[in-house]
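As structure tokens, here come the structures.
Okay, so chain A shows up in both of these, paired with chain B first and chain C after.
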Partner chain A sequence: MMRRFPQIAPPLIALAILLVAWELGVRYGFLKPYQFPPVSRIASGFVELSTIGFPTGVSIWSHTLTTLVRVLLGYVGALALAIPLGVVIGSFQVLDKLTAPLVVFCRSVATLSLLPLVIVWFGAGELTKVFLIGYGCFWVMLSNVIAGVRYVDPVLVRAARTFGLHGGELFRRVVLPAALPRIFAGARMALGVGFMVIVGAEMIGTIEGLGALIMEARTFYRSEITIIGMLIIGVIGFAISAGLTALERLLLPWAGNLDAVRR
Partner chain B sequence: MSEILKTLRSNDLALGLIGAVAAVGVWEICARTGVVDPTLFPSPSLAISAAAQRLTAETLADNLMWSLFRVFSGFILGALAGAAIGIAAGWYRGFGTIVRPLIELLRPIPPLAWIPLAIIWFGLGEPSKLFIIFLGAFFPVVTAAYQGMRSIDPVLLRAAQTLGLDGLPLLLWVAVPATAPDLATGVRIGWGLSFGVLVAAELIAADRGLGYMIINERNTGGSVGVIIVGILLIGALNLLTDAAIGAAIKRWVGRWHGA
Partner chain C sequence: MLDHDNLARCALRRSEAPVAKRTTSPFLQFIAINSVGKTFAARTGSSISVLDCVDLTIAENEFVSFVGRSGCGKTTLLNIIAGLEDATQGQITIAGRPVTGPGQGQGVVFQQHALFPWLTAVDNVAFGFRKSGLNKTDRRQKAMDLLTLVGLEAAASKYPREMSGGMQQRVSIARALALDPQILLMDEPFGALDELTRIELQHELLRIWEAQRKTVVFVTHSINEALMLSDRIVLLAPNPGRIKRVFDVDLPRPRSRTEPRFNALYEEIWDELST
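Moving on, here comes the complex of A and B:
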């Protein structure tokens, strides 16, 4: 603990100086408080958000829950479709070649550009947001599953064949475990994409969710609430990626060095 | 027949083309026969003719140029700033220990979440969009540049020092080229992110650009065909520019690291 202290100290001191200068800058009128809300105001804003809520009655926790549920629905739906489809496409070379340009193009379509179209289809409700998250996650996941299954080291497959494995057994015992690290990397990337899409999707046509919260707060010049919302989005994003990395190490101990898998 | 199949199988491009044409064909047929409601999801031919009716080439080109201008200027500023700060943080220890934790603190916040704050700071005009796109490019590049600097083979540096290089020349002529592959990865990711962010920024707060064009079409109750053409155009633009940047990077990095 003591030995790590000197490493953390300089950035902490720098951060503290920055925050104090910020606070003083606002107090003495160099910075406009609605543009740069000082720490004290952010703190009191947080208390307000977690008790009264913004808009009144909707606390920060319920915003967070709304956003998380939306992301999870779209994400799980995308994975449930992309994994079996990707395994099938990846297993047959012809299928992969037939679909490759399509997959690349659909992946290049900016997910949020679909928003106007999806609003025409489903209105501005929940389904629109879940669909957009699903779309973004689906193509990232699909291309990773296909690549994971297709680019299994051929030496592994040939060795397994030599030992008499084939068909379903070969797939289940050799191809799938070898493809899993790449599939897991895809799942991690997809969740990141989903989380990015939701923030944008919530800025239009809703008042619930973290994206809506930060946008609404701006309309009322409550920039401290915007900043709190951003920080919570950041914390969730960080927790998700750290959690998935830890989970990957736990579940796939044979993955080892992922760079080797990425060809 | 089997001969044809055999040549087809060996030709990736032909197979891919067949797949793409088949997909468009199925889409066209579904919309024509009424399996899908053509007012909700028109076929490609209907979408294009609707778009041709409602858009003049001039407005389309104008929106396109605005989008491209925004994304390129924001991306270039973000990539340059990211590269400069990342390289400096990796090279100068003191600068790195202070700057890096601050960047790590802000990095998990997706660029889109900055939109409201950007509007508060810069208003609704161009600077706020530029700032968001800037962030999209900045974070991937700064991380890649720093990581690249930290993982330089020390033998390279020591060899250069033995030959008499030191200080800034050592940084510019040895360290920076050595980080080129990492930088290239960061630039590629940054471009993708900038582009996605551009569309979102134009949807939420803009009065021109391709993103604005499609959301405006839906807000004024216009034709779904225009929206679909816009989406496909944005996708194609993303694909083309990404390929162009990939090729440019390959040439640049290839000068030092065999492709």
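Moving on, here comes the complex of A and C:
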């Protein structure tokens, strides 16, 4: 720990200098506070948000909880569909060939561009938001699951065949474990997509959620609130991603060399 | 599949350029490779011929080595014997039965590391006992015995990524032995080992081969290694892969590199390989 300290000290010092310069820059009129709200503003904004709330009565915690629930609903739903479907598609070359263009196409459509259409389908309520998150997560997850199952090192399959494995047993004992690292990577990527979509999805038809908070803050020139919302989304994304990494370490201790491609 | 054109063409080839005397005794035809050819579809749409008119019989308990330049089709031929790939022409029989897939007594040590990365060393070896009918504890116990045999009992709980290339190769050998195969197909199994370990494992392999009466088909780039181990050395030539010559290694075991006959054979094979 002690030895590590000198390594993290320089970036911390640099950050502190930047923040102080920022604060002073605003105080002496070089930076406009609504463009670059200083740390003191952000801190007082945070206190306001966690006590009175913004809009009044809706605290930062309930914004956060609402967003979390939406993301997790869409994310879990997408995973629950994409994993079995991807396993089936990946197991049959024909299915993969047939569906590949569709998967690539749907994955490439910017999720938020579907917003107007989805509102027409599901209205501007909860379902629309969860659907959009689910859509974004689903295609990313699906293409990773397919690739994981499909491109198992052929020499492993050959080795297993020499030991008399075939069919379902070959799949369970070799193809699936070999695909797991890729499936995990897909789950991490899908989560990132979920958080990218959420802010946009919450910008309409709701006053609750971090995306709504960010938009509402804009209307009132409360840039510090926008920054707080942004920071919280970042922290949540970071925490869940770290959780997934820990889970992967636990479940796939053999795949340690994936550290390099983790991001 | 009997392709008469192919058989006739290969018979003609044999009479023009004999590589070895052919045996007709069924005892000496444990593995019979009959006019085997293999073509791969190339990406350009054309096809490349990788093996052509390979004729060879291997007797039960024989130790045969394949040597030849890189890319001459040794691995491909081994895979066909293993039943992992189909010959496009000709046929291979083991004890008279055509090879239609793995599981006819062939155990394989692959050229690339083919250990399951999600299993520890001992579990990789225990995987080889999967179809043996043993329960889990017995499988692990026997796997430990095999790891001890290859000198890796201390690495039993390591994952492949935590082992050196040579260690992984030894685990692969132990895993192939777990199957207790009649035929051991080994593709450059000692390529990644240091000289000392290699010589130790060569001795170990000979000991296993003599004690358990296995038939071994062994691919190597080292003429020395082939001479130390084999009853016969099959020299393959590339483009398309075919048998150029078969050498009988009529040296008593244990062999020594200092024997004049050893060196004479070495020179002979070297000359044939390099022309």
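Following the convention adopted for this analysis, the second predicted complex is superposed on the first by the 257 of 263 C-alpha atoms of A that agree within 3 Å, B and C clash if a C-alpha of one lies under 4 Å from a C-alpha of the other, contacts with A are read in each partner's own complex, and residues count from 1 in each chain.
Everything below uses one rule, namely that a contact is a pair of C-beta atoms (placed from the backbone, for glycine too) under 8 Å apart; a residue touches a chain by one contact, two chains touch by 3 or more.
Note that this is a predicted model, so its numbers are computed, not measured.
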Partner chain(s) touched by A:P253 [first = chain B, second = chain C, both, neither]: second
Touching partner for A:T128 - first (chain B), second (chain C), both, neither: neither
Which superposed partner A:K97 touches (first chain B, second chain C, both, neither): first
Which of chain B and chain C A:V155 touches, first, second, both or neither: second
Residue contacts on chain A - larger count, chain B or chain C: B
First (chain B), second (chain C), both or neither touched by A:T67: neither
Touching partner for A:G164 - first (chain B), second (chain C), both, neither: second
Touch list for chain A against partner chain C, complex: 155-156, 158-165, 173-174, 177-178, 180, 252-257
Chain B-facing residues of chain A, complex: 7-8, 10-12, 14-15, 34-35, 93-94, 97-102, 104-106, 108-117, 119-121, 195-196, 199-200, 203-204, 210-211, 214-215, 217-218, 221, 223, 226-227, 229-231, 233-235, 237-238, 241
Footprint of chain A on chain B - complex, ascending: 9, 12, 15-20, 22-23, 40-41, 94, 97-98, 100-102, 105-106, 108-117, 119-121, 195-196, 198-200, 203-204, 210-211, 214-215, 217-218, 224, 227-228, 230-232, 234-236, 238-239, 242
Footprint of chain A on chain C - complex, ascending: 79, 82, 84, 101-103, 106-108, 110, 112, 114-119, 127-128, 130-131, 159-161, 176, 179
